[in-house]
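Next come two complexes, and both contain chain A; in the first it sits with chain B, in the second with chain C.
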Partner chain A sequence: MERSATRVIARSDVNEWLAHILHHRDVIAPTRSPGGDTMFAPITSPDDVLWDFENPLAPPKQFLLPQTEPLAHFRRIDGHMHVEPVAEQRERVLFNVRSCDASALAFLRETYARDLADDVVERRAASLTVVTLACSVPCELGFCVCTDAGPFLRRDFDVQLTDLGDAFFVEVGTDKGRALVGLADALFQDAASDDQARRDASELAARAHFGGETCHFGSAMRRISTKRVADELWESMSAWCLDCGGCTHVCPTCYCFSVSDTPPADGCSTRCRLWDSCQYSAFTLEATGHNPRTAHGERMKRRFHHKASAQYFQRDGRVGCVGCGRCVKVCMGTTDMPTVIAAIRHGTWDGGRAHA
Partner chain B sequence: MSEGRLCERGWAAHDAARWGARFHEPHIREHGVLRPASWDEALGVAAKSLRSLRDRGRPVGVLGSGRASNEENFLAVALARVALHTGNVDAGLRRCYEDLLAALEQPAAAADREDGIRRLERSDVIVLIEGDLTTSHPRVAMGVLRALRRGGRLITAGWSRTQMSRLATVHLPLSAAMPVSTLAALQQAFTELAARGDAVSAGGGGASAVERAASIVAESRRVAFVLTPFDADSVVLRTAASLIAALADDVAAAGGTPPLVLPLPVRANTCGAFDMGVAPHLLPGRRSLEDHDARDRLRAVWGTEPCWSGGLSAEEMIDSVSGLVVLADDVTEFHRRPDRAVAALQSLDTLVVFDSFVTPTTKAAHVVLPIAAFGETAGTITSLEGRVQRWRSAADAPHSIRPGWRALRDLLDALGATYAPQSLDVLLRDIWTAVPSYGAIAPAALDAAGGAVLEDSGAPRRATPVADAMRRTASRRVGAAPAEAPSDATADAMRWLLRGEGVFDWGDDPLVTSSPILRRTPASERKLRPTGVVMMSTDDAERLGVRDGWTIRVRSRSGEAHVAVSLRAGQERGVLFVPFAYRDRLSALSGDGGAVEVEVSRA
Partner chain C sequence: MPNLLLPSVATILTQRDETPDVRTYALRFRDPDERAGFAFTPGQFLELSVFGFGEAPFCLASSPTRGPDVEVTVRRCGRLTDALHTLGPGDEVGLRGPCGNGFDVDAARGKDLVFVAGGIGLPPLRSLIWNVFDRRREFGRVTILYGARTPSDLVYKDELRDWERQADVTVRVTVDRTGPGWDGTVGMVPVLFDHVELNAATSLAYVCGPPIMIKFVVQDLLKRGFAAEHVISTLERMMQCGVGKCNHCCVGHRYLCRDGPVFNVREITEMWE
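Up next is the complex of A and B:
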């Protein structure tokens, strides 16, 4: 018989479920590093998993798009170049991912599947099961409600957990999620209407946390797409950006990359895909030495057009931002997403003073 | 230090270990060629050569580094003073930091124990003397932006318009011919304002930029001065620092909150290296060579009577010793004449290099001892505001590469030194004993987020005692200089000044050269402009009829060169600045630095 897509698992049983998962798959979850930071990392015991945590500064993007990703080894043998793809096919579970990050992973999956599909990313995405932990208490800097990426999800998860106190409400979104629950099916019960009501109340309370304020992406998008953002505004804002690329490194939806070959070792080189940043001047540097975007303001304009223009929204079906708030935390200047979106809407820049 | 924020180099730091060109095992030079060797063999060769030079009374020296950990630098000092029995121990770029520091002992600010960068962020006005702060010290630039966002104001002084100067309320151009005259004028204007007590009127219409800047300082309650090593000339840096110290004293005397004066070192652990005694005239803890307490502590830790003498500076060592040990640095990165530096290294009897990467210095070595890169080793570093922090190993070093502290310890052992700590914990404990300010830190505090701030720290407050005398002298000497150096360059005369700029180049940093992402810009620039670059003002370019990237002919008394121009708005007219990265290519024109008169024409 087909089981319900909504189940419940007692809090005291979750570790047993995790132990079953660990027996079959690699599990990556938010955990405490030796230095005390919270980070997504492979775990070896259910006790390693954090349940009450601030979303790690480094998103789980690296488990879909590694920062340095070997694509192929190549070597010259008898005058011919031999190329050997790097195969990586591990069944992995991303556990306790926040809603924004799960939306971002879906965004990346869709991006790499579009046009000329990238089979490396597709294979890795296919072997990844995403278990989210809905944000009953939204994080301080997040604005996921403005980008339709949280605090609770309606899509983009394989399993969504909601903390009900003594138990977790379990929503199964895909066959992969069903298989994961099926590893310890006896631990789960079908959800009762009361469980559903508690879950819905939790979502309503979480949404209420955000109040009436939003980032007004729609308004900014209209201004960008109707060319009502003056170049001088980008120029002014760029003076407040230190070009560090931090926003793009921690952004769960940024996917700009470069390609580089390792120096030969024993006659073998490896072609790698590396994270790049559109905020670096060399990102658009051409082989001739020409660079179409030397001015900092032009690079900033490009980044925010990509994130919040109607052109990309139509193509992607989503805003290129999931409202995780990491750019607010990591920005050395004042040009994080909410501050820039506000400047676009108002057509003026105050150095981020209104958001200080 | 960074509170989770990283600059461009920080985000790429892990790349260096993976992508950097590295020696994976020790190498020794045989018949003019470096060949792989075991650790025992390489250490044996290094120890034998160094011991032989020491026993024959030939000069030897050790270069520590602002890139190495406190533990590695402490061992470098022990290597010099205990094993080689010499006071020749220094680090590249230590001097330009000390030039700023020497004048900045601040009685006015001595009571303040606050975190320097946090104070900067709460300043009402920041006076920044810079080359280009956003590139050289992004974390401090972040502090400036935070202050501005809170409503603070910025006054910049520099060679050209930079990103920071775009945000400044007042920008004061420095004159290439008389670099400190502007600062002298600022101090003089402030003194006059304070005497008259009419700060506001001086800021009104018709006031000069210097008068407006002085007025802003006078009407602000919390004032901060940020000094970067904006010039390679030691006298310029010391005089500038003296003037700023004098101005800070005047501000304090005028009744404001004692100002913050923040001199900036070039490298991440320059302060730590300095604290560990990497300076030819100081003992660990920045104590004088005659300090009896410091001597007693070091005798106890090192278990012997070490060398208490002063020694040669880094630059002097490169030119004059017979044997040199270099730790985690490449002398071509900081030497004014990289070509001469390489020639000097090649002429040494013995050159032993501890490094993670292949550099021109390791290529010239007789013995290369490969050490772990950033992320592969543990230790502590000390930030510019005296914050001691741990760094931890995130990955094992590949092959037979050893952690730097261990490789240094092994060389001490091979030299038969009385001091060769057996573990990193023992070494840390020894530093805690030898340097009282570090000993005051509870070990657990090091593990807290952000590390622990040294109690008696705040770099300016630990200045050498020459400060007062220097400050008074500089004030008298420069105070009488004209307010603004006149630019002699006119369209008719076309007299030009050629001048070096900066003390280091971002593109030479191993974190940049080893990163496939970061190295693109400097690599492309150097490939496109192989004959070098000079910076020219846009106004001059218009007069001369050249565009960005065009080649000009530059002729001085000592030679002639064809070089590309890079145009820069807001730069002083009639001056060509030679970026530090291209100093070598134009050395035939400018000699050993300083400003020289040249003739310029379109090529």
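Up next is the complex of A and C:
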């Protein structure tokens, strides 16, 4: 029988479902680190999973694009070099991911599949099942409503859960999601129209309770894409950026990388892909010593051009920001996404926000 | 490509010193199928790995008309190129590619061709020059203008003499500073324009070299009536992946490793970020 795409699972049954999943797959979920903060990490027991949590500062992109990713081992055997691709691990489930982060994972998956497909990333994406927990109570600094990336999703999830109190509303988005629910199918009932109504009410309430943070991409995009942001504006904003690259590291959609080999030992070495950042001055340094982006303002301009220009929007079909608010949290200066977008709209810079 | 970032093993067949710090290597894919299946256009480049030292982009300096072995001409200037210069015939390197768009060779058919190169800018043009000589009847007059800092910095010295002996080919060479045994022209590359007749209406010009040279040569060509679309150059940026993923080579939303490195001057002028 064709199963409905919307189901319900009792709160008291969720851990049993998770136990079934853990039996078959590796599960990564927001969990409490030994130091006490929240992080995405592999879990071993359903009790490790957090249900009421602040979205971790490090996004789950590391499970699609590892910060240091071995691509191949080079081995010299009998005088000849052997290139051995690094094999991928087993199926993994990302559980209780926030809507913004799931949108970002979709953005990255599409980016790596476009034009020349990166088969390593494609395979890893294919082996990931993403279970999102819709944000019935939006986070404080998020502006996902401005980027079409939350607080509830219409796409980009395999399973979307909505907390209805005594139960979870379960939306199955893909075959991968169907397979995950299928691991413990008896725990799920078909959703009734009343369940659907409670889920929809939760989404409306979430939208109404949105935080103070907004980000008007439309008008900023128009200015960026038509060269109507003065170089002086970038220059003055860049004085408020510490050039640390923190925003790009916690950004769930940033994906600049470099490739590097471990130093050869006994004819062996490992080629790795490493996160890099377009905000570092050496990012564009050529071997001749020439660097086309020496001015700090030019590097900032690059970041926002990639995130919010019509040229990239046309290519990607999405803005390069999901509105998670992590750059607001992490920036030691004042040049986070909403602040810079506001400055671009107004054409002036007053030093940015005063951080709480 | 089985894996976008995975290099294939190739063997160094020969090496030839061009200048004290520039060397040309002939390379052969170790896997016969890969060797047979390797197809490229002049102007494209390879990502070359020295195992344990990373990889870097180098222009294909040989022509697809001359078989499946390839040549690269490499200036020694850093970690990877230092390591490469310690290797020789029989040693193995990694190759990945071809990358980039390459020259539109068909668009050059029936045209007079002007090649202007500075220093290590000659290798990508050499690929096209060989290609043109191997299909000589399809193209018109060929003019090759080449300059280097000193006589000892000129690459492909023997070939320059061979090229000059071909029918309907003019070769002019200059050096910034003269040196022992040099009795040719002295001066920057643009001085060579006074030594040749060019017909802007029937020609395409290809310009490769350091950015400052490209700038002055392009100005000269435009002044001599060349349309911006008919002046073609290659752009260089720091590159890592060579396949449009890592973002190192972007100019605005253009990826020099995918959309380039070959652009005409009109496209270059319209590029911004």
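The criterion applied here is as follows: the second predicted complex is superposed on the first by the 342 of 356 C-alpha atoms of A that agree within 3 Å, B and C clash if a C-alpha of one lies under 4 Å from a C-alpha of the other, contacts with A are read in each partner's own complex, and residues count from 1 in each chain.
In this text, a contact is a pair of C-beta atoms (placed from the backbone, for glycine too) under 8 Å apart; a residue touches a chain by one contact, two chains touch by 3 or more.
Predicted, not measured: the structure shown is a model, and the values here were computed from it.
Q: Please indicate which partner A:Asp276 is in contact with in the superposed arrangement: first for chain B, second for chain C, both, or neither.
A: both
Q: Considering only touches as defined above, state whether A:Asp118 meets chain B (first), chain C (second), both or neither.
A: second
Q: Once chain A of both complexes is superposed, is A:Gly320 in touch with chain B (first), chain C (second), both, or neither?
A: In the superposed model, A:Gly320 contacts neither chain B nor chain C.
Q: Between chain B (first) and chain C (second), which does A:Pro138 come into contact with in this model arrangement: first, second, both, or neither?
A: Neither partner.
Q: Based on the superposed arrangement, let me know which partner A:Leu285 touches: chain B (first), chain C (second), both, or neither?
A: In the superposition, A:Leu285 contacts both chain B and chain C.
Q: By the touch definition at the top of the document, which applies to A:Met81: first (chain B), second (chain C), both, or neither?
A: second
Q: Regarding the shared-chain residue A:Thr262, is it in contact with chain B (first), chain C (second), both, or neither?
A: both
Q: Of chain B and chain C, which one touches more residues of chain A?
A: Per-residue touch count on chain A favours C.
Q: With both complexes overlaid on chain A, does A:Pro252 touch chain B (first), chain C (second), both or neither?
A: neither
Q: For A:Asp243, select first, second, both or neither according to whether it touches chain B, chain C, the two together, or no partner.
A: It touches chain B, and chain C stays clear.
Q: Could you give the residue numbers on chain A that contact chain B in one complex and chain C in the other?
A: 258, 260, 262-263, 276, 285
Q: In the complex of these two chains, what residues of chain A are touching chain B?
A: 34-36, 57, 68, 239-240, 242-246, 249, 258, 260, 262-263, 274-277, 280-282, 285, 289, 296, 329-334, 351-353, 356
Q: Would you mind writing out the residues of chain A in touch with chain C in their complex?
A: Result: residues 71-72, 74, 76, 80-83, 85, 111-112, 115-120, 227, 255-264, 269, 271, 273, 276, 278, 283-288, 290, 292, 298, 301-302, 305-306, 309, 311-312, 315 of chain A touch chain C.
Q: Enumerate the contact residues on chain B facing chain A in the complex.
A: By the definition above, chain B touches chain A via 4-8, 10-11, 15, 18-19, 21, 134, 138-139, 141-142, 145, 148-151, 163, 166-167, 390, 392, 447, 449, 516-518, 520-521, 524, 527-528.
Q: Mind pulling up the chain C residues that touch chain A in the complex?
A: By the definition above, chain C touches chain A via 1-9, 30, 49, 51-56, 77-78, 81, 92, 94, 210-211, 236-238, 240-241, 243-248, 250-253, 258, 272-273.
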